[in-house]
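Just below sit the structures, each encoded as structure tokens.
Two complexes follow with chain A in common, the first pairing it with chain B and the second with chain C.
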Partner chain A sequence: MNIVNNSEPIILGSQASHTRQRGKIDKKILSGYWLASPPLFFLVVFFLIPSVMLLVASFWTSKTFSMTPAATLANYARALSASGFYDSLWIALQNGFWTALLSTVISAPVAYYIVYRTRSNAVLYLALVSWFSSYLVRVYAWRSILGTNGVINSTLMHLGLVDQPLEWLVFSKFAVVLTLVHIMLPFTLLLLVSGLRDIKKDYLEASADLGASGATTLWRVIMPMAHKSIVSSFMFTFVLAASDYVTPQLLGGRDAMTTGLVIANQFRSVGNWPLGAAMAYLLLCVFMLVYALLLGVLRAANLAPGKRYHD
Partner chain B sequence: MIRLFTYLYMFFLYAPIAIIALFSFHASASLSFPFEGFSTQWYEALFHSSDFMTALTNSAIVAAGSAILTTLLGTFSALALMRMKGRIKTAFAFMNFAPIALPGLFLGIALVIFFSLIGLPRSLLTVIIGHTLFTFPFFVESVRSRLEYFDLSFEEAARDLGASPLQAFWRVTLPIIGPTIAGAAILAVALSMDEFLITVFVTGSDTTLPLMILSMMRRAVSPTINAASVFMLVVTIAIIVIAGLVMTLRRRRLELERAETAE
Partner chain C sequence: MKKATETGYGITGIDLEMISLKRRTFLLGAAASTAGLYMGSFAPGIFAATGGHLEILGWEGETGDAELAEWRKQRGITVRSSYASNQDDITARLAGSDPVQLDLTMYALGYETIYQEMGLLKPIDTSKIPNYAAENIVPLFYKGSRWYWDGQQWGVPLLWGMNTIVYNPKKVQKPSQYKDLLDPKLKGRLTFVDDGTSNWSLIAIIAGYGDKYPNLTRAEFDDAFEKLKPYREQCRVFAASSGDAVSLLVSGEVDAVFSASANTPSETTKRGVQTALSVPKEGAALWCDALFIPKTAKDIPLALEFINKTLEADTQAKMATTMFSGVVNQKAVPLLPADLRNTFDYANLDVFFEKSKLYGQPPLSSDKYVTYAEWIDQWANFKGSF
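Let's turn to the complex of A and B:
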């Protein structure tokens, strides 16, 4: 790999040394561009172009697994005219909303504890290790705990506390959200901790010295300064949970068809790729609407100042 | 109060994992307390299954391939980011991060359409590409903050003393950033071992460890799945812990060295 030809002409004199300095800076930045080109090439070929192709394909027509180029809005019209699409969207948004809300709210006190109460990073590291412990394994764990023949039900029946397995434990919205929260918690914790680390303890002490109660400090000092990390924690979790197609499939039962699952099925079993592509872009648009809505609500509630206080 | 809450939080994170680990050693096939004794029969069944060995081999190939590709591309990105400034740096950093800002589902279906339109048959190669798209942003993110403090004047000094750019990289930059890169590379292996949201779409007939567990889960409940899950868990956690140690040990050593020079 040719990084950059760095041979410098030898120039004498005071004015020349100024030019030499400039040339050096330019070269440094130029070599940055050269170095950026292999990853950029990879990202353009395998990320940008496929994303654009997905968009283009959403205007094509299809017959089981084969696509024909066209310029039609039929896929969008078909998706938007089916009531099943709205049902699946509603379930996906609910999964996303509850998972994001619960994960963020539950992780917040722990993030506070890690940043202000303890000096060790052990809790954070332990949580992160569990984040990297397979997603699928955790879905499976909840299924074997909540399932009809699972740990809770068989133990209850064994002890004679119930005659019939508790059906609502598994294959319900409860099971899906519980599992998704379990999966997302470490991720929200990481984002919240890095947000709180930017807020020095001095601010909290100053607020207390000036007579603010704990709640006032939380609401008037921490929230405005941490709102960026709270919003990103909520939004990332929302998008990941709402578009998930495996947890609803394995734990959600028949009524838990989410848009992600509908899209995945278009690609795996049904074979109408353009329709799936159109639904994927519709889902992305909905996510962006949710994001705009969230920012609007926070601004209206006066929790999202335009600028950061600490810089 | 808040300490108790934190302990409960950790309990919630680890209890389900502990339960399936426990039942993977259960003597009977039932998932019920009280426990009926320990046995390693499910692990024996697992390691004698040829499906499992194939899936394991495939996962290892994919993890190695995508980790190598990720490390190559990610190191270029890291070196580029150290040299960039201002808006271009922000844009390039965003571009590096973008693939994981989107759901895995989206990446999976975009790649399926792309591979089919360019006529690349789905195989382990396409899985490696898909995984790299997912591991590369994590690699760059985990390396970036640690390399912010890298002093480019070391390189410049080497260049002034007559080293070629490659020599300067090999003899000066790499020894300094090496452990960070190694830690992130191991992280990429762990991420790839676990990945299945993209894999489901970009694989042909090849199965990986998570895909095998997924299809076992669809078919039946069997304690062999517990054993397979626990096996995968142990592998990824071991990898993560190694990655963490590589990265922190290096930092400790640097801090020690700095303390010594300060004296």
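Let's turn to the complex of A and C:
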């Protein structure tokens, strides 16, 4: 009778190999932590801890630029009971949605061209060139282009296409979204290029060999595999555009009050940091809701399989 | 004798092999140097001057950077000026448990009550400011209630000016009262500068509560903003700043500004567009910036000396010319350019101040009157039409 001694560990081949390489793997893991530690440290110190402090402060009370520790929901209740908060939020969400959608959609074919159709990075650099000018310069440049006496209106009138300058070109939602798309486009392009570079051309060729059309390859291969960069592009741009209040103020006309400005007022003018913090966290909740909604839509369309395809 | 080349130490006798940088050492050194340079940029400057050092926070153009350069040089003094974009910048830096160290800063009209309540002000010894004397200073600015109370001086008026209607005379007729801005021809051609506090007194005046401002009851306050709504209908955009209002006038996007700084016409003229000021019959919104010594001041004697220098006639004239503003030292008036002198009508200042008053700010907290925070909120609501 054979007796199996269960107390002895049975070392399988791969496990044995793993054990033999443990020292090496540990070193690899350690070096990974070491490489990741500076940004992690930065994020913890300058983002996570301040965010927690802001969250705590949102439950405090305030008087004359000084805060008193408390545990009250009054700031949240006050923000949620103000109609102005909802109105400004609606304007901000519209700015964010249209900017994110247009930036992502416009960037997609350009990213495809950069990754699969050309070896040159010229187009990418061209898109990034706009980063070399300041944010405000770009906003004022658009005001000059879209203005009553701007390039577009002057040209249209010179050509006899319009009798009067098109007033809606500037100080309108159109002007805000156009400018924000111009500002955000390099972000979405970079994220999409980065996502597409992970999808090897072999997959696309295999799809074609199996008889899939270009549209099917896009829908069934590229989009599911690149969904994380698509979601990143959209959300990154959405959050930045919806939070922005400089462009809406300079180009949005008299009805361009966004939540960002309402929050900034609480921090800078009123000195009511707890109320500002509560509003900021409400805005964060809305952003997370939009993120969940976007993922839900993509999953419903089988475009977000929740798998990792790359190493 | 061994040749130097044989020793490998060269003629200096230093082993170059020993001091050659390894890649890791070089990277570490570079990282340390970068970190050092970066952190060093936050460290306070090392001031070689022996005459002292002042930390000043104020409005750009009012900190004497150019006007007092010679004095600083003669006295061996260094001054670090930083600029506030609005009064809230100053409040935020001085408020709280860890305020910023400043030797001198400024408050706009009406903030004296807020800063008094916050305990930010130190009394000023006027015996150390000989230029602040009754024979020099325009009577309204000498020991006025905005700067002097409880038998002590808390602020020293530096410059003053007005915010009023600015219009393009080629496009619209001169408005003689605020109601003229409701002319249908001005629909979509008007702008407000998004600086609530400078508009608030005018909002009260237009609604007929000029005598009561800044203490308005809730009903009066609601009524005032209700009466302002037609002006909003005329508005095309809220200018982000005075500079933005200049830009809008120059680009032809608007033809009039509800209330803009008196230097606006000179700024638009520089850019090729003629505009003009109009002080309507209801009056203009006056401003006056006062220097004060905050609780965090270190070198108070030097701060007082600085205040005294800013009140000298020559310094006042130079600063006022730069800022296109009024002077508080009467002896500076003859030194001003003619257009600036005429704008503020120094010959009839009493009449001018009868029409346009020095208003304060709404109370920080009150059960009876609408507070400062409520004005801020309402101004935001007015802008957003909420």
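Here are some notes:
Here is the rule we use: the second predicted complex is superposed on the first by the 239 of 311 C-alpha atoms of A that agree within 3 Å, B and C clash if a C-alpha of one lies under 4 Å from a C-alpha of the other, contacts with A are read in each partner's own complex, and residues count from 1 in each chain.
Convention: contacts are C-beta pairs under 8 Å (C-beta built on N, C-alpha and C of every residue); 3 or more make two chains touch, one makes a residue touch a chain.
Since the structure is predicted, the reported quantities are computational estimates derived from the model, not experimental observations.
In the superposed pair of complexes, A:57 makes contact with chain B only, with no contact to chain C. With both structures placed on the common chain, the touch criterion links A:255 to chain C but leaves chain B unconnected.
Of the two partner chains, chain B is the only one that A:28 touches; chain C does not reach it. Measured by the number of chain A residues touched, the leading partner among chain B and chain C is B.
In the superposed pair of complexes, A:168 makes contact with neither chain B nor chain C. Touch criterion met: A:268 reaches chain B and chain C at once.
Using the contact criterion defined above for the overlaid structures, shared-chain residue A:155 touches chain B, although it does not reach chain C.
In the superposed pair of complexes, A:88 makes contact with chain C only, with no contact to chain B. When the shared chain is aligned, chain B comes close enough to touch A:106, but chain C does not.
Contacts of A:144 after superposition on the shared chain: both chain B and chain C are touched.
Annotation: chain A residues 140, 143-144, 147, 149-150, 246, 250, 268 touch chain B in one complex and chain C in the other. On the side of chain A, the complex with chain B involves touching residues 3-4, 6, 28-29, 31-40, 42-43, 46-47, 49-51, 53-54, 57, 67, 106-107, 109-110, 112-114, 117, 123, 125-130, 132-138, 140-145, 147, 149-151, 154-155, 157-158, 182, 185-186, 236, 239-240, 243-246, 250, 260, 263-264, 267-268, 273, 276-277, 280, 284. Listed in rising order, the residues of chain C touching chain A in the complex are 86, 88-89, 91-92, 95-97, 114, 117-118, 188, 194, 196, 232, 235-238, 240, 244, 247, 251-253, 364-365, 372-373, 376-377, 380-381, 383-386.
Residues 63-66, 83-84, 87-88, 91, 140, 143-144, 147-150, 167, 170-171, 246, 249-250, 252-255, 257, 261-262, 265, 268-272 of chain A are the ones that touch chain C when the two sit in their complex.
Taken in their complex, chain B has these residues touching chain A: 2-3, 5-6, 9-10, 12-14, 16-17, 19-20, 23, 30-34, 72-74, 76-77, 79-85, 92, 95-96, 98-99, 101-103, 105-114, 117, 129, 132-133, 136, 152, 159, 165-166, 169, 187, 190-191, 193-194, 196-197, 200-201, 210, 213-214, 217-218, 221, 225-226, 229-230, 232-233, 236-237, 240-241, 244.
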